[in-house]
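Look for subunit A in each of the two complexes below; its partner is subunit B in the first and subunit C in the second.
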Partner chain A sequence: MAKITIDGKVMEVPDGTNVLEAALSNDVKLEHFCYQRYLPVAGNCRTCMVEIEGPKGNMLTVGCNTKVAEGMVIHTLSPKAKAAQKSAIEMLLLDHPLDCPVCDKAGECKLQNQYMEYGLYDARRDVPRYFKGGKAEDIGEHIMLDQERCVLCTRCIRFVDEVPKTSELAIVNRGHEAKIDIFPGVRLDNAYSGNVTDICPVGALTLKEFRFKQRVWFLKKTESVCHGCARGCNMTVEQNKGHIYRFMPRENPELNKTWMCDEGRFSFDHYQTNRAAEVRVGKENRNLAYGIDQLAKLLQDIPADQVAGIASPTAALEDLYVMKKLFEKRFNPKNLAAPFWDKPGDADNVLKVADKTPNRQGLKLLGFDTEGKDLLARMEKGEFKIVLMMHNNPFGHDEALAQKVYGKVNALIVLSVHQTKTVEKGAMVFPVRTFIEKNGTFVNATSRLQRFRQAFEPENPDVIESSMWLACLANALKVEGFDYVDTPSVFNAMAKEVEALKGLTFNSIPSTGVVLAGLASVAEEPFKGIKAQPNVLGKKCEGECSKA
Partner chain B sequence: MADFEPQLTKRFNVKDGHTLKGYLATGGYESLKKLFTMKPTEVIEEVKASNLKGRGGAGFPTGMKWSFVPQNTGKPIYLAVNADEGEPGTFTDRYMLFNDPHLLLEGIICACFAINSHTAYIYVRGEFYEQIQRLNAAIDEAKKANYLGKNIQGSGFDLEIYVHRGAGAYICGEETGLLESLEGKPGKPRIKPPFPAVVGLFGCPTIINNVKTLCSVPWIIANGAKAYAALGTQESPGTHVFGLSGHVNQTGYWEMPFGMPFMDFLNNYGKGVKGGKLKAVIPGGSSCPVLTAQECEDLTLSYESMKAHGTMFGTGCGIIMNEHTDMAKVLKNLTHFYSHESCGQCTPCREGTAWEDRLLKKILNGEATAKELDLMLEVADNMEGKTICVLSSALAMPVRSFLKKFRGDFEKYLVKNTVAVPEKVQ
Partner chain C sequence: MKVVERTGAQGAEKFYLIAVVQGLFLTLGHVIKNLFNPKRMSVVFYPEQKKALPPATRGRHRLMKREDGTPRCTACMLCATACPAECIHIKAEESPDPNIEKRPEKFDIDMLRCVFCGFCVEACPLDAIRMDIPDVTIADYTRESLVYSKEFLMNHDNKDVVTGYNPPRPVQLTHGPHARP
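Coming up: the complex of A and B.
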């Protein structure tokens, strides 16, 4: 650790940290464009200028490329430092098109924000503007490039060079004619291309999926975890009035840094289309209370041993816990399993893992049989009259096999997010919430327990969390011990019983998750062989300092 | 200036001086005999003692530079020779390369021996086609005669030299821009630290030296640091090839020890100013602050005198301007050059050079007021010392000195002073 002074404030930072990182992680404001803490330092924007005291007088230099040293005295507010920061912003804005009213970055643009902080002067470029050209060029499946808005910070170039290692982008031309471009004949179509739009400090790189869809200041952001694969990249759900406009990666230094794959990023539409909408009992759409009531009546006359439960790795830990508890207390826990017939997807050494479900490790944690061979064999023989099917879609995965296995079941009770083939087969169907509409936890492939929060309430009040639905059913069946008020209370009860979760409460889970001791990891750590952390990070700093 | 022996230009008028035969006949490769009896550290100490300064423009002591190379990294050490002579007004290295390529090779051998390098690259400006041919021919000859290659002259020292032809960007003359270009990338100066002596070419320790710096080394080895330091002045020992261009009756270059009064140089060698009285001098390449005629009165050709006059020695090639010169148009030439040659990496340089150019264009077109003149000065302040390399400062310094010393030349173009709008400047 090195003891340094920034603007009179004494602080300790790890050795090897750079001055900019030290400032940002200790709540000292210092503006910057080109620095991104998970990319190598470029030092070209020249906005993080600081004055450092030295034996031969003060030195004006960039904070990002200056490593701290014991006793270093740094000024970010001295007249010389301020003047340098201010003039760099003025120069960056010199030929900027100022098309903020039609720019999707407006509201989260560093150039805009820093102008408010450092600018507010009258424009002094009373010479003809230099037009760079290159408006709205289609450069990739998801990406549009506006060269004239670019500030040439090279973050995007360093990203494609360092993380996906695909190097599609480069600077062409020199001096004030320099601009970012893709190589001829190449498209920016790598599996992580969306990240370049997050790190673009201005509106030069934008997502086709977000362009002209919503102004960023209307978006409400909720901490969440990607559902797309077992990596569980941290992200925020950004929505307005219950419509999701985008997923954005959320910083987690120990997991996804500030990145996420395109597959996960653009999965948001999946959660708002083709949804199971209404409670269905037989062929009629009814309300939730009626459905639960009918189901309870049905179950009352069936021997407990003839009820099976099919869970899923796409359900949250809380859903699985309540289902297990219900089977323990009312039915037979031996008749509960989680066979999920999905096929593994593609994996890479960056973030993606082959398991495309978010919570298979959670099933393991709660002791679920994830194959359910014995159960399915008995199912095939017709030992079960009623099957509770939660977040699982056997008919969608393998219709013939599902028909064979579940053909003799009298009534499939389906809890589903989407309108699936299994839903069509259901005797009773209860639409439930996606992970976006509820609170909950997943355990990822590297055994990290991660919390996601509810972004909004679904329009239909009958669409509830699976865990709450199971609790309602338990109460209707007059089983004791299911007086949960919400998902966090389920988690807190579960944490008292499950050894690996002891001592945790829903709200005490760190926003970056916690690795569960005693649960073996089933995947490689991310960024294998990729130097994704070239900078020594200061004290943990979440949110703004890293992302934009 | 009679009693000194030319070191750098002595073969310029020797027939076949550029060939190995001609070179050996005039004392070539003599220094190697002594070199190989010395230890590398002794060579560095000798060069340190001579106080030889880098001739590329910055004037950094060469021996000290060599001593920065870490010898324990386990990585190869490289020498990169900067023969990318591109500073406007500077034209002496090209003659060195053309007339005496073996002297450079001998200097490279001395330097590589001192820093324990076995590979050297000569980065030559792309336009120097004939020089590149001569250099390659010299390397072939030297290899055949075992002045290069394995076990040079039985010393046990190995060295290979490669010539790399640049593609014509001014910025590749900046040492780290040169390294990037050598590596096959766009010539964009690297951010420092790390410094090239530690992390240079291909990530290995690298020393970058100018052509004339290296050409001075064999003489120092052969004759000793004391003899070298006895030449010139205390701060600027040795000899240099000084050049004159612009409004002089005799343009050209002359080798002589440091310390000659500038006016003597101008009048005796340049045969005086052509077309009128002296108005201004850019003393060492276009990026040095300009001097007025009055300031040149007590100027001498040395690092210290240039510094005392608020300018730089630079490359030692002066640009002379007579009284009829329009300094605003001279500066326009420079702003155009630097805005064109900026690599575009750092904001203040990329935007600042182009802004200065546009401001000056506005002034020359008679569309500006005193506000623009002041803005030019302020932009120059915001450019200087705020970037990765010194290209930004290389324009800021002329802008500031031109406007300070010759403001009248600019004011005559201002709106209220303009009678007839002069021809439009593009």
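Coming up: the complex of A and C.
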């Protein structure tokens, strides 16, 4: 630890931290542009200029490329530092086109924000503006490049060099002709290409999927976790009036840093198309209360041993818990399993894992049978009259077999998010919410319990969370102990019973998640062979350490 | 602080009938004067006759056009952002001209929601929307027909005419073929 002083504020920060990181983590405002926490330092924008006291007098230097040292005295607000910061911004803005109204980055653009704060407003340029050209160039499957807006911070170049290690981008030409471009014959098509648009501080790199769809200031952001694979990258859901416009990675230093794969990033359309819309009983569309009522009547005359339940690793921990509890209290817990058939996905050393379900570890945590061979064999024999199917289709690989097996069941009860083939076969169908429309938790492949929050309420009030649906059914069957009000209350009840979750409440789970002790990790840690954290992260210094 | 005592009407003033009669005489005076001099009357026979609107009137919106007839609007959504009634619905699309880059595919103004505040005109950085068509009596038989489309809003001869409600602002196009030196 090194004791330093920034603007008269004394603080202790870890050794090897740079001045910029020390300032930012201790609430000292210092503008920066080319510096990104999880990329190597380039130090080319010069906007984080600070004045450091030294034996030969004060020295102006960049904050990002200066490591802290014991007793360092730093000024970010001195007239010298301020003038240097201001002139750096002035240089960046010299030939930057003023097309903010058509630029997709407007509203979250670092250059725009800094200009509002430090800008000179009156340009001092007396020679004609130089326009590089190169507007709206298609450089990859998801990416558009605008060379005119680029300020050459090289964040994107450092990203493709360091994380996916594909190196498609480079600066070409020199001087005022310098611009970012792809190598000839190469396209920016790597599996993580979407990240370059997040880190681009200006509107030079934009996403085709988001381009012109919505202005960023209309978007409402909700903390969430990616549903695409067992890695569970942290992300925010950005929506307006119930329409999702994009997924953005959310910083988690212990898991995905600030990165996310394209597969997960562009999966948002999947959750708002082809949705199961109405409660269906037989061939008629009815409301939820009627459906639950009919189902309760049906279940009353059937021996508990002839009811099977199929859970799913795509369901939240709360859904699984309520289902398990219902089978323990009312039906036979041996008839409950979670066999899941899914196409195996690709894995890599960065973030992706082969298991494309978000909560298979959650099934293990609650003691579910994830193979369920015995249950499926009994289903094929026709031992069950009623099958309760939650977000799942264990016979997805074989349509003829599915037809045969489901034909032997008297009533197939389907809880589904999407309008699938299983939904068509169901005797009763209940549409349920996606993870975006509900609160809940997942346990990822490295045993990290992570919370996602509800982004918006679906239009149809009959579309409820699977956990709440199961609780409604339990209440209709007059089973005691299902008086849950919402999913957080389910989690809080579950945390009291499950050993690994002891002491946690839904709201006390940190936004970066907690690693559950006693649950073995089934995947390798992310970023194998990649220097994903080249900078020592700063640490907020509170209490004792900030005393002079 | 000084407390002023309010006494109210006193004496003859309290007898309001005098004032009432005075008022009646005033009206009668106007009636008699108008009878002998009809030009003095300030009545406009409205649906047949229309008064010229004052130059600061905020009328109906229109979308201004470039020289080639395409909309000046670049779908930047600043008008929709400024709109307190949320009556402007824009859908943007990619323009074939990379220097224009963005253009509206759909530009609807819901006149049933519009409060004629003129914020959209002030917000527009390209002077693409003006509220100067002298049409202030907007009525129709269906709700749908009162949602004005881009085509309807661009159906004018693009002249600097009409009521004159177009707040002055420095208009400097930094993009597009007309703006470059």
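The working rule: the second predicted complex is superposed on the first by the 529 of 548 C-alpha atoms of A that agree within 3 Å, B and C clash if a C-alpha of one lies under 4 Å from a C-alpha of the other, contacts with A are read in each partner's own complex, and residues count from 1 in each chain.
Please note the rule applied: a residue touches a chain if its C-beta (ideal position, glycine included) is under 8 Å from a C-beta of that chain, and two chains touch if they have at least 3 such contacts.
Just so it is clear, the structure is predicted and the values come from calculations on it, not from any experiment.
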Touching partner for A:N44 - first (subunit B), second (subunit C), both, neither: first
Partner, of subunit C and subunit B, that touches more residues belonging to subunit A: B
Touching partner for A:A136 - first (subunit B), second (subunit C), both, neither: second
Touched partner set for A:P253, first subunit B, second subunit C, both or neither: neither
First, second, both or neither for A:G119, with subunit B first and subunit C second: neither
Touched partner set for A:D95, first subunit B, second subunit C, both or neither: first
Partner chain(s) touched by A:F212 [first = subunit B, second = subunit C, both, neither]: second
Which of subunit B and subunit C A:N173 touches, first, second, both or neither: first
Touching partner for A:P128 - first (subunit B), second (subunit C), both, neither: both
Overlapping contact positions on subunit A, where the subunit C interface meets the subunit B interface: 128
Subunit B to subunit A touching residues, read off their complex: 169, 171, 186, 191-193, 339-348, 350-355, 358-359, 361-362, 372, 375, 382, 385-388
Complex contact set, residues of subunit C against subunit A: 74-78, 81, 92-94, 98-102, 125-126, 174-175, 180-181
Subunit A to subunit B touching residues, read off their complex: 41-47, 49, 60, 62, 65, 83-84, 87-88, 90-92, 94-95, 124-128, 130, 151-152, 171, 173-178
In the complex with subunit C, residue positions of subunit A that touch it: 97-99, 101-102, 106, 128-129, 131, 135-136, 211-213, 215, 217-218
